[in-house]
Amino acid sequence: MSIWEYANPKKFMALSARALPWAVGLTLVLLVTGLVWGFFFTPDDYKQGSTVKIIYLHVPSAMMAINAWVMMLVTSLIWIVRRHHVSALAAKAAAPVGLTFTLIALVTGALWGQPMWGTWWAWDPRLTSFLILTLFYFGYMALWAAIEDPDTAADLTSILCLVGSVFALLSRYAVLFWNQGLHQGASLSLDKKENVSDVFWLPLVICIAGFVLLFVTMVLLRTRTEIRARRLKALLARERVA
Amino acid sequence: MKALLLRDLRLAFRSGGGFGLGLAFFFLLSVLVPLGVGPEGGTLSRIAPGILWVGALLACLLSLDRIFALDHEDGSLDLLATAPIPLEAVVAVKALAHWIVTGLPLTLIAPGLAIFLNLPPAGYPWLVLSLLLGTPALSIIGAFGAALTVGLRRGGLLLSLLVLPLYVPTLIFGGEVVRRGAEHMALATPLALLAAISLGAAALLPFAAASAIRVNLR
Amino acid sequence: MLSLSNLAVARGGVTVLRGLTLTVAPGEALILRGPNGSGKTTLLRTLAGLQPPAEGTCDLPADSVAYAAHADGLKSTLTVSENLSFWSRIYGGPAIDPALRALDLTPLTRRRAGELSAGQKRRLGLARLLVTGRPVWLLDEPTVSLDVASVAMFADAVRGHLATGGLAVIATHVDLGLPEARVLDLGPYRARVIQSTGFDEAFT
């Protein structure tokens, strides 16, 4: 039995129905553990005070914002090459989740940036890249929403996702280049690796695992919804023909 | 293919073809910005490279939906898709026609408008060169966006939403070339990257756009 | 030669025609009949290669087809001869005069297409078929807005095309004055709802 068996909507529905309760449960356990540990049982940072604790939301959501797009890219490719409907619908289902993670990353970043940098927003390369990523998510979702025929929509959004990924990467490098060009060296680096010490490390990893599972759970749920919506549409179309 | 290019140019220059709309927009923008920002020369010359590039980009955006929508409405696109020239070539030729009608005139009038914006003298050659190298990318990326939205009623706003993020690298490198040129800084890298984007887009995007049109015609 | 075997065509994901098996030989015309929504246009677009068949095969080389849809693909700001010579050059440049003569457009060559009457536009759209030089004509309601004399002119053009070894598939409601043409009623091929075959029926 090959892995593509699960691309059959019926098999996918059966498997995901069994997997969902576990995914939900595990997500809750990990998120509650990680966030509670992170928020209440870690010391304040000597420099940043308690504001540092926002990393338990900020870092995982920023990671998932990018991973969600990568997952959409992979599922779009699978749709283009093998035309498995579940794959196209999973890409559609992942987009709003990814957008939400991107917005969470931006908002938590601003909340942290205000007391730390004295400003809600700076045109730092990372911040700018995330803003551009938001635009890509909006465009992708708008294209899905605008097209009535589901297969046409799947094809066009997949093409957009492929081309968009190339341009998103280009933008990332363009932004790095542009900001260096503006202020040499005076960058407000958000590189967490330097300031995360061991006390913060374990709860952060748990939070990241929790966010990954949260993403999986949401995408499974939303893909199931999309499949059901698709079946409903097919039934209605059939009624019109008959 | 030459026939298609000539037809598109003829259509654009005949009455009602919309030629000059982008130019007028570019002109208005360059006049309005100093009115809004204030007449102080130093401020204007600092923002001039960016304003000129953003203006050229928006002027390009205005006419994108015409690339395929008109041919789709009157049925020509169906006929072109069954014609002996490959759809990829149709896309490339139509993007070229769009550039000749929009990008090239914008490049030519940009130095004139730069006077309003008090661009430092050193920036002029780089302004023209960067637009010459960068506007083809705007046309071809726009043609891709137009191909994605060709079947849609009210596709215009969606087209802008799809195309603007794709314009980011071109805008950044284009603006950077002019800014560095105006400040006598080294600019070989952004210039090369700008040319690379245009060439890469011209080489690859016609295929993506043609497949999008095929999907839309189904 | 055009041959279909067990062809099914779909519109917007819903199969509308199923089980079409037929051949049309050179020199033959096939007239498709059926009420609105019976899938005539969808079938012609599938034959033209604009959309893939839902099932079965359609054996017809893509470079042999000249398709004429509801819309004529005319540019209203170009003259009649500019419109026609554009398509002629796309198809490798046969002279446009015979085509203009065949559909009685010679007096109008310098007129802009936007100033033509609906019937004249239609004739210009049909003249385009003559300059393509392609053997298979796929025509969707070609005689809409044509008067009796123009319909006869069109029938002559089709006959001339068949005489040179071409073939034509024509979807129409009206009598074209082509008694020799084979008529195919699409009614029996209309797709019925079929039972799901194990795979999820919402996904085709």
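Think of it as A, B and C in the order they're written, each chain with its own count starting at 1.
The criterion applied here is as follows: contacts are C-beta pairs under 8 Å (C-beta built on N, C-alpha and C of every residue); 3 or more make two chains touch, one makes a residue touch a chain.
If you're wondering where the values come from, they're calculated on a predicted model, not measured in any experiment.
Under the contact definition stated at the top, the chains bordering both subunit A and subunit B are C. Distance from per-chain Cα centroids to the pooled protein Cα centroid is smallest for B. In this structure, the chain pairs B-C and A-C differ in their number of contacting C-beta pairs, and the larger number is found at B-C.
A centroid comparison over C-alpha atoms places C as the chain most distant from subunit B.
Chain centres here are Cα averages; for subunit A and subunit B they lie 31 Å apart. Measuring from the averaged C-alpha position of subunit B to that of subunit C gives a distance of 37 Å. As a whole-number value, the distance joining the C-alpha centres of subunit A and subunit C reads 48 Å.
Residues of subunit B in contact with two or more other chains: 218. Not a single residue in subunit A touches at least two other chains. Put simply, subunit A touches subunit B in their complex at residues 132, 135-136, 138-139, 142-143, 146-147, 152, 155-156, 159-160, 162-164, 167-168, 170-171, 173-175, 177-178, 181. Subunit B contributes residues 144, 148-149, 151-152, 155, 158, 161-162, 164-166, 168-169, 172-173, 176, 179-180, 189-190, 193, 197, 205, 208, 211-212, 215-216, 218 to its touches with subunit A in the complex. Put simply, subunit C touches subunit A in their complex at residues 12-14, 16, 191-193, 199-203. Put simply, subunit A touches subunit C in their complex at residues 8-10, 85, 148-151, 227, 230-231, 233-235, 237-238, 240-242.
On subunit B, the positions that touch subunit C within their shared complex are 2-4, 7, 10-11, 14-17, 71, 73-76, 78-85, 217-218.
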